[in-house]
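First the structure, which I've put down as structure tokens, then a few questions once you've had a look.
Chain lettering (A, B, C and D) follows the sequence in which the chains are written, and residue indices restart at 1 in each chain.
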């Protein structure tokens, strides 16, 4: 399976659809362990991405993801803005000259994105952040020989749900210490929606 | 029937007792058409009066009422402070050299008190203020040959209740115009308690 | 009732100690009273400006004590005018021989108590003059009623009368300029929530989640009209319509503007109101000399705001812009 | 949700227009951004001070733009750090060639966005330095976590770094004195009520009528401990205990004090807290150089307060007392 410009655009549009649909839920999660703006932030950021790429004329996935990165970086703000922005920027850089993107290249791109998130946010696995979703996804993509959409979604979902039992040590949720246990991390949830959008697009693309 | 220093003191103590008991009710009335402090004001003022006169050594009713006036004037504030203060000051002045005070002298004293309230507050009958209780009481005292406690109380009570249907044109309640209809005027209610205290003391004195 | 207080009956006295403890170099409390005065009172050769009223309107009035504004603030119980003896103490402590000027908000209680103090002070040979502020256009003005309330426009009277006194104005001159402010200032307010007098313990009225009160006062009393909550722009429109047409303020006029929070309104919302107020003034062709946005005359923790306009002339501009240094009003 | 707003998604943009409309002679909004700058920016020969963060903390940060404090405030969405490009615009608009100093509150988002902007500015050849404020003692400080939050103590950093820059200090000198403030300032807050982000529409947490949160932040997040409401004196005691022991502040020290309201707290209550705070300092033998009581760093319409202490030395005293003229902080 390959990812071409159209798939990339469909992925981001689908991701936006999900962020809009789950806006209130993401905000509710962020009210529990943060400041109650994550859904608002993601909905704003991804709707700007959809607008941006609708007006573009793209020849490469790298260009799509670069515009995505710049838009997320400048329209989200908060903690998630620089993190998602950095992720897509690294993905873009890794995919330069790779069109159409094959599975291996994509896997390396996601690995680079994960590393970008970790450099920027200085969080490792288990700190109850979006890293806890990106890491197992990056690992799956690296190790699999053929991406299975259902498996991709399942891994993201389980990873997201596993953040529930963690105690946060990074991001705002860290202020709550033990009290942060029992709620899903909002950034992990939005990352799940991002990858579940990818899974759906890949499924349709088949 | 005569009013001596002891009766005067009992009257004020009984009035204090009622103001304390009805504090919340008076405040509730004032929340409806005013600023919600009348019960607090009256309870504070009359408890200071009780303290003040407990420590005095009085030979005349005029002196009791003068201390009452000064205490109400300096401890209540608001609209009711100067009004009740003026009332008791005029009562005191009218009763100078009249001890023990007979019914006629007392009636003239209350009339003087009413006039004091009206001079100070510039309200006439029907403007939904304490004047609407003091006026019929002053009239009854002037016209009766022997004060009947039950009758005194009844007149005060009916006068107070009649303020319910009035539209206020003086005091804070005036801001509500038509909306001030339907609630008893708080100052009329506290005036009723003052005269009902007098009625009870006169009954006991018999 | 959720409040950060100790004994509700001690709230005003605790507050006064907290005010004096905050600014020990500039103000003091007159012993045995609820009066806050400039530490350097009486200021030689200066007419003293004394104001006050019930508490619960902070920073009014103690926050305006200082150079260029008030010489003393007389603080009553919450929403209860202070008694005449307190006002008298303030007059006596601030009179330097040039006389004392009282700024009174138009409420039966304030007027009666301050006027009684005025009579007492005059009996002691002190020259006293007064102005009664009645800027609230929500209330009908009529000879036969209590008349209009004094609300946030009072701050402009403090500032301008204070500046006139600081500049060496006589008692008559201070009175004249204060009356000019009163003649040219108009306000109107609205609220989203009621407030609770500490000693009462329950809110003064009830509003549904979708309701607001238009024409609110500053004593927790309900307003003149209850309606569904409107947008900030609609609220600004409604308040401005009443205020503008009352004087009226006309094309070519120059005004000072005050967008005042009632205590629990985020500044963000006050600035959103200010945006529309300034747009309306621009459309009407009215020039803005200066704007003030913040909590100046509050009503405990009431959420809401008021809008005040003061029509300026050269004298008022000079006096409004004169330096003042008080905790709550300074430039 | 009861708010005086128009479209919740336009609240910040409406607010910014309202701010600029209020003070058109002293501030302006950089076109196409959410940045409020001094009208005379860049100020020749002066290090520029830039701060900012999410909105909802008004008067922080736009209210501190002016002579003696900030050159620019970068305003994000409500409780959301502004993006790097906005911060970069502020840096570019204020740099006079002497460099730009960033005052950042310690939140993952603020730190990341401001640091990215710093890198971008440096790439454009602009000298940029920063300080990260982390005064909130309610949060444990540890290498392995996000660390302490920046709350009301940030205002002291603005004032003192601003005064140093105004006095001609170099970028290194401004940084050094800002770091000194951060090293010596500690705060802690509490709340009686939550607040509601306009675009979210519901409160961020729930408190029962008899509950309060101790150790609250300024983003509508719950605190570190929930308990029954205590008296003002007990609240002041608890906050002061944590703050005093943290640095620690000791007998003979001299401090500046800030009693800060979170948005919906009547000033009366802040002064009642201040009374007890001053008593505790007196008992402890700590001298107060200066006290500030009011709304300086808010959290929308949250009811509650924070207490901040800053240990002073001669340099800090001179800089804190230096004149500043901004809408929200002036003397």
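FYI, contacts are C-beta pairs under 8 Å (C-beta built on N, C-alpha and C of every residue); 3 or more make two chains touch, one makes a residue touch a chain.
All figures in this text were calculated on a predicted structure; none of them were measured in a lab.
Path length between subunit A and subunit C in the touching-chain graph (shortest route): 2.
In terms of the distance between Cα centroids, subunit B is separated most widely from A.
For this pair, subunit B with subunit C, the centres built from the Cα atoms lie 32 Å apart. Per-chain CA centroids place subunit C at a distance of 28 Å from subunit D. Taking each chain's centre as the mean of its C-alpha atoms, subunit A lies 75 Å from subunit B.
Residues of subunit D in contact with two or more other chains: 78. Chain contacts: subunit B has no residue touching two or more partner chains. Viewed as a contact network, the protein chains form an open path, each link joining two chains that touch. Going by the touch rule set out above, the chain pairs that meet are A-D, B-C, C-D. Interface residues of subunit A facing subunit D in the complex, by the touch rule stated above, are 27, 31, 33-37, 39-41, 44, 73-83, 120-121, 169-172, 174-177, 179.
Interface residues of subunit C facing subunit D in the complex, by the touch rule stated above, are 2-6, 11-12, 14-19, 21-23, 55-56, 58-59, 63, 78, 192-193, 209, 212, 229, 231-233, 235, 259, 263-275, 278-279, 291-295, 298, 300-301, 303-305, 325, 327-328, 330-331.
Those residues of subunit D that touch subunit A in the complex are listed here as 9, 54, 76-86, 107-109, 112-113, 116, 138-140, 144-146, 149, 197, 199-200, 202, 204-205, 217, 219-222, 224.
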